[in-house]
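Following: one structure in structure tokens, then a few remarks.
Order of writing sets the chain letters: A, B, C and D. Residues in each chain are counted from 1.
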Amino acid sequence: MKREKIKLLCESSKFQNFIIGLIIFNSITIGLETSERIMMSFGNTLLLIDKIILSIFVVEILLKLYGYGFSFFRSGWNLFDFSIVAVALLPASGSLAVLRSLRIFRSLRLIKNVPKLRFIVESLFHSLPSLLWIFVLLALVFYVFAVIGTKLFSASFPHWFGTLGSSMFTLFQIMTLEGWAEISREVMIVYPLANVYFIIFILLASYTTLNIFIAIVVNTMSEVQQKTSSVSVQKIETIIQDENEELKNDIKLLKEQIIRMEKKLLRRNNQ
Amino acid sequence: MKREKIKLLCESSKFQNFIIGLIIFNSITIGLETSERIMMSFGNTLLLIDKIILSIFVVEILLKLYGYGFSFFRSGWNLFDFSIVAVALLPASGSLAVLRSLRIFRSLRLIKNVPKLRFIVESLFHSLPSLLWIFVLLALVFYVFAVIGTKLFSASFPHWFGTLGSSMFTLFQIMTLEGWAEISREVMIVYPLANVYFIIFILLASYTTLNIFIAIVVNTMSEVQQKTSSVSVQKIETIIQDENEELKNDIKLLKEQIIRMEKKLLRRNNQ
Amino acid sequence: MKREKIKLLCESSKFQNFIIGLIIFNSITIGLETSERIMMSFGNTLLLIDKIILSIFVVEILLKLYGYGFSFFRSGWNLFDFSIVAVALLPASGSLAVLRSLRIFRSLRLIKNVPKLRFIVESLFHSLPSLLWIFVLLALVFYVFAVIGTKLFSASFPHWFGTLGSSMFTLFQIMTLEGWAEISREVMIVYPLANVYFIIFILLASYTTLNIFIAIVVNTMSEVQQKTSSVSVQKIETIIQDENEELKNDIKLLKEQIIRMEKKLLRRNNQ
Amino acid sequence: MKREKIKLLCESSKFQNFIIGLIIFNSITIGLETSERIMMSFGNTLLLIDKIILSIFVVEILLKLYGYGFSFFRSGWNLFDFSIVAVALLPASGSLAVLRSLRIFRSLRLIKNVPKLRFIVESLFHSLPSLLWIFVLLALVFYVFAVIGTKLFSASFPHWFGTLGSSMFTLFQIMTLEGWAEISREVMIVYPLANVYFIIFILLASYTTLNIFIAIVVNTMSEVQQKTSSVSVQKIETIIQDENEELKNDIKLLKEQIIRMEKKLLRRNNQ
């Protein structure tokens, strides 16, 4: 009985709007904390507000946990919500700057609580699975070039190609085309043929990313197309059925005409 | 009576072409004012021309206001036109360099007065509303990363991450991929794990902008598609109707044949 | 009589392949001229070859002029061909390095003479007219921002915004996103609000170029679509006609059946 | 007999998964070799593992060669597989660092052995032939601009435009828009009109690459479109056939009705 009430409360639009309002308000207060000037004058107030809002969020999650029971964890979005609040509870115990700064992740709860945002994020993720193997291919290209780069250039350019990790980072930088020429020209002073390495990598990486992009466009477009096309087929079906209805009617009338004629003729003959 | 005449005058193509000519001429004179050499020899003439053209524009707007009455303000484009001329009147009183330089905004009146340009700008704005929530999402990503960046890096890199504003600017720069590697590498000297922050932001920001782009392409394409598809459906409808017209005619002829036969038979029988 | 013969000669594939071969060979010799080492040993030979090939080209054009008469100039591609050879004759008189280096433009004659290349270039130009007004809009945005930039920043940053021309160049650089942040950050030291100028320009310029791109995609796609769709309509038309042919046949058979019956009945009645 | 058995063995999924596992394991060991620390402690083990895996690969290829005979070389992918293993055998004889680092190319065998990856790579190559002539055009543009650049700028800027090769590299850099403004501004100090050269090249190169991209999108989309459209045509065909089946049935019933009537009338007349 009570569970049902709490469930209804959590699903009421007033409650949800209140939570959305709180998330936005909390995002602003956490944003204000970045200003030293504001922290000097209102620091304690801001931290207090933050604690109060956090406790409201904790209560909200507890209510939902009680209301929905274990089925709460079946939705990926609820898990998302839960873990953000859970993470926010951690920094209270520790004092790591990084963890404290992650409190702003609470703003991301907006994505779950505003339906339009959730829909967009869901459709952004929607096309990812079909891209899985292009990403595997890209990862393979990265790995192969990172190993070659590290083996060849690590001695002369430890800054860029010192370890497999830094080679990967440098290759990512080169893929974004940011400063690739500078790196390439400097490496070419020691290894004059290094341009082959860089140009082939750029061509491969940009062709693969281009195809990631094209895959998304084509996927989305072909879905739109199939909808449009099935709507057209339905329209044409209706037209054909309407038209043939008329034909059937004509044939039916013809039949009646024949039956009438038959009767007349039979009657005449009987006379 | 007079109002109608003025309305007709304002809508006459001669009047409109004259205004278009004036806008182009004015754009050139304002452009010439940027050259010091020209200003030394023809400065006064240019400023005089500018004043004359501005007064013509004011008269034009007054005529339109009189001609159309209050309904003038109902069109967004008229408001655009009005405010540009109104802003142009401001610098006459003040002497702020910024305001003076904004006089060139008068060139933008071309957009309203050349139908082709207006059509393009309208179609550019046409797809913006459907992108609203992707922009909200992008803003959320920016805000979250700006807060994290400011909290973590403001102490060591005040130039890039000193305040929330400068963090936003730096993130915009990173989103354009301009010089991101340089910033990232320098931050990584102090915070070795900062590359996680930069790479995740680049991936999120470019994936989201990619989806803005894809949304526009898909929107535009699906409109084109629906037009093509409805044209096809209409063509097929005509074909079906034409073909069935023939069938109906065949059936009609059959019917007449039967009626003729019936008559003949009845006549024979009556003989 | 002779004119016809020359025309046929010019259109023969042997003649055309010979010219294509000459253009490629000439491109290579001009390329070789860039190497100082090769010029030292074979310089005179290369220049001699160049003169011989040029004279063959002149003869070719003269033949065509004689063969086709004045109608030669009606084709844009012929004019293109003619002017490239004509320009190549100029440096013989002058000795300007720039003009000499333009001799390589002769390679571009390949575009006219290889049908596949000509087709691609024609289809590249095909979509340009429909983009005219987006380019006008982009030019307007450039002009307005160049005037504002020159007025505001020319005093402090003559290198980037000294004249209208250099402002345009800087804006073009910013549109390619190359080094824009560097420029913006330096201007912001003097004018803290300059970021508004740069960010708005980047957003406007990239949104407009994005739409140029989308316009090309949508134009090309909608052409493809209309072809596919008209092929579908034709296929469906054939299907409908075939199917209705059967129906007509059925009705025709029915008619014959009725006529047969009528005859039988009449005969019986006459007995 | 034995050949068939070996063929079946090579095609068994167990064998193939074993090979895939080996390739991944080998990729990891080669990756580990890049770490100096790991090499100091486990260097010999890693090199031993590498030799063992290589010999397994050699055995695998020999088995396949025996199993399939000469037809093995008919598949492009087999050739790819074969040459990678063959190249891997080379460094055993020499000691060139470059050749040793190419051992990582063995990871690329994954592409052949994982069907999903092979499919993606095949579809990536699928659209290349149709792009051949755009690439020829791009190469022509590159060549013409490289010759002009070398002739004009080689004296003052040997670093960027010293030889035809370095001009090509610089043009490739400019095409990626990386640091083009810096190069252009420096060249413009000596040749004030050099911006014409750079801007025209950027416009030509980006317009051509844009069209490469558009060609891929349009190719892929039009394939999808033709599939969707032919599916629609088939659906409509079924609808038309079903509908006309009914009509035919109606006409058939009409015919039977007439025949019945004819019989009745004839019977009557005969009475």
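As a convention for this text, a residue touches a chain if its C-beta (ideal position, glycine included) is under 8 Å from a C-beta of that chain, and two chains touch if they have at least 3 such contacts.
Since the model is a prediction, treat every value here as computed from it, not as a measurement.
Different-residue interface: subunit B and subunit C share under half of the residue numbers found at their contact. Chain centres here are means of the Cα atoms, and by that rule the chain farthest away from subunit D is B. Copies subunit C and subunit D of the same sequence differ in orientation by 90 degrees, per CA superposition (steps of 5). If you average the Cα atoms of subunit A and of subunit D, the two centres end up 27 Å apart.
A separation of 38 Å divides the Cα centre of subunit A from that of subunit C.
Residue numbers of subunit D whose C-beta contacts span two or more other chains: 177-179, 217, 221, 225, 229, 232, 236, 240, 244, 247, 251, 254, 258, 261, 265, 269.
Listing the residues of subunit A that touch subunit B in their complex gives 27, 30-31, 33-35, 97-98, 100-102, 104-105, 107-108, 110-111, 116-117, 119-121, 124, 169, 172-173, 176-179, 213, 216-217, 220-221, 224-225, 228-229, 231-232, 235-236, 239-240, 243-244, 246-247, 250-251, 253-254, 257-258, 261, 264-265, 268-269. Subunit D makes touch with subunit C in their complex at residues 133-134, 136-137, 140, 143-144, 147-148, 150-152, 154, 163-164, 177-182, 195, 199, 202, 207-208, 210-211, 214, 217-218, 221-222, 225-226, 229-230, 232-233, 236-237, 240-241, 244, 247-248, 251-252, 254-255, 258-259, 261-262, 265-266, 269-270.
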